[in-house]
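Letters are used for the chains, namely A, B, C and D, taken in the order the chains are written, and counting of residues starts over at 1 for each.
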């Protein structure tokens, strides 16, 4: 489980590097243009921290280390991710349980992450922030949990929901963060942080499936 | 005569304004790019000085005023032109005499201008400076003076000689002035100061002919 | 991305190495060049050499790319420490906390920085930890950018070149041996009296981003920009210095209680690529608009104070002065990039 | 050309009015912003406020577009007057003479300026007139630009950022009350000990010229440029800061008597558009090259000292120090744009 988590996290780091220029463009359209570079710095920090951790590190400790790596990044995004990841760590401490229990725990972890980010940043859906990709992600996990026990299917639906949520921010006007100064001029392109979130969860989901089915 | 001189000088000022961008390009190719603007500032200074002078001002005093206006410009070109114009002023003080005497005086005046510039700047033909347009101008006047008394024909030949001289600087390597630092890289385009000199004398000659034949 | 061996393959040409090393190499060079004034603590804190005597600490900071802000304003009569972030990214909580510790001599620490989400979050986390360590911490946010929010939401405004004014006044007050209450009070007063408006003529590029911060047509400018290469509030045609100053100063004066009868400091700040020739012409124009409106300019600052990498453009900052602020601006200061 | 009403229709965007008024408006703004330090005499002379006591006068100057040079270096411990020319054009003989008169208190005047044909001609004419007026005038030309002529013709070299070093040393010596001989001697010594090399990344535009000073490909730089947007000696690929510093410093060291064992001042000068981030990274790189070659960097200056309008690029200046030059660099100075 810890190995699988490592693989997923490193996949997310690579996906962020690949998206650096795109994320810079999105952040620059309305904000200050650093998000691509900032997330790449985060990816580098995360890789370094993971290398330093023994292979038997628990998933919770692994996440806490990743949270610290993200805190080092600074910017608005650093504290938000580090708080979110710290909250998820608590959920993962119980370790795996199989079947629906995993899905339930993932749902709780994602919900805890959202709560942590909202507590810190006070953004609500519609503010054109990563919340607009994270909130539908959490909702989709909840809906899936209520209907079927299939973790992969649930994750796939949640990833799609976050992607849709990220795209939907294109029509939104930024109300918080750097971009808010622009008012209506911030409309047009999707939010950088929402986009990077959807990139992260898709990369992790793909890597997780690949790792389990051995096509990783 | 003084009126004709005014007309010629103002024609030269207009021609320099029209050539500002071209002269800037030539100076910028190897030097510091200011020659177009510097000569336009000179043109403005000259217009102001002429306006301040009474209409009965003698040609010599008119030229001395123009020399002061050029001195105000600064740069390398200001002192060179102001010394040259000052030297010409002395020649013009005798006033017109008609026929070959005018041509002889013009020749002496041009030669005095060349001497003044060489005394100050120590450039020799081939150094890629305005001397390469002025020197053939003086030579042509001398040749014409020896052969025929026709002032217009002599001036026309001298103007053509200065234009040819200016163009010939394209193949030269700058040895003095700002451009000399470049060595071989200064080859290719004609020298800015040689070009502006040939523009000035052509504009004055055209205006003089126009003024006399009434097509001014 | 570029390797340490190759040049920075960005849109704009830069004299850097690996963009991932840019901030750390800059700090390494900065503390080496100004070792008489500052030292590096850890990786991202620039601190003034200890004086021994207790004084209220002033901690400033923010993202990189605004040089000489913020590290350039650390020194006698100014800040005690600056927390340094990545380019256009607020410093981490650890860096902020390190800076607070370095500035603390037991009589309290004032944090002052521009009002941006990232800075508020990171400095806020650090402030909480510092308080837990028993340090008396106060915070004064700089909010001089009139373009960043309407007057009704004045507390949401961002900090731009007004930083230099607020830091100078607070730093001078702390150097005089004032209490934390007094230093906080003058910082609040300086910020309340300060307004800025800027224009951008050309964009900048975050090292490694591989793209310009925004695109603007050859005959257009961005009015009401921030200091991060953001697009401005609105776009307009390129104007003369006189017309530009009129727009910027009118907006500032319209935001003051009274637009005339003020004794002011006028700061003209270059954003990076604009020549000193232009800055002094803009200063002249701004000063005329202020004086024509019935104000007196009694203090002036012209140069690069809070930049946006190599962006072309400038901002105008006006501070309404009373005798106290005037004296604080005049107090001696010996920072690497601000000497009085 | 542009009218006062319209913006400057050049290739690069500028915050100016009518380009024909640019220099006079800049000076008007400059003396208004720095009225505590300088005053304007006539149209083109910036002079320090009279001190009353006799001292050797230091007169500097040159074309505009190099701000903060030259007017920014007028003040206590530095120059007494600066003659200001049009953009990239030496000041007129009248301006130079006015500056000499303003600086003269009867004990002699040293003229120091970059070695350019135009400056030599105009200052030379003025010097002749001043001597005729009974003023004891000496001249020390600044010739630090290694790229501008081979060592065999060292006297033909131009002056670039080394101006700041030579002016600082001569100004400090004059402020100490030294004789004209002594001031001339240290100016000659400072110039003889100083070498510079620069790179340009992008061109500049003379206001009103309507064209860029040169064209350079996106992945190319000009090596060995002057400070007038001239093309450099040669063109090369864009390199990292480390590789650029290696080339520039190696060229400088190769021009010294001995390339190692020197105690030096290192000045990294921004040409206008290059960010402070880049300048400090370049400083770090240059310092390492100097130290790796066995030299000690004991004095440092990083910033914009002698610019080329809004040109992107930087120059590196190295001065071999002895105790006298070190002390002169450390002496107090209070010019508008150089305070020690």
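Rule of thumb we're sticking to: contacts are C-beta pairs under 8 Å (C-beta built on N, C-alpha and C of every residue); 3 or more make two chains touch, one makes a residue touch a chain.
Worth saying up front: this structure is predicted, and the values here are computed from it rather than measured.
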- prompt: Not counting chain C, which chains belong to the same connected group?
  reply: A | B, D
Query: Where the centres are mean C-alpha positions, what is the separation of chain A from chain C, in Å?
result: 32
- prompt: Centre to centre, by mean C-alpha position, how many angstrom separate chain B and chain C?
  reply: 53
Statement: Averaging C-alpha coordinates per chain, one finds the centres of chain C and chain D separated by a number of Å equal to 28
Message: By the touch rule stated above, which residues of chain D touch at least two different other chains?
response: 87, 207
- request: Between the chains shown, work out who touches whom and classify the graph as line, ring, star, complete or other.
  value: line
Task: Go ahead and list every pair of chains that touch.
output: A-C, B-D, C-D
Query: Within the complex, which stretch of chain A touches chain C?
result: 17, 20-21, 24-25, 28-34, 36-38, 40-41, 44, 71-80, 120-121, 176-183, 185
- request: Enumerate the contact residues on chain C facing chain D in the complex.
  value: 4-8, 12-17, 22-23, 25-30, 32-34, 64-65, 67-68, 72, 87, 199, 201-202, 204, 207, 218, 221, 237-244, 272-285, 287, 297, 300-304, 307, 309-310, 312-314, 337, 339-340
- prompt: Which residues of chain C touch chain A in their complex?
  reply: 1, 19-20, 63, 85-95, 116-118, 121-122, 125, 145, 147-149, 156, 158, 205-214, 226, 228-231, 233-234
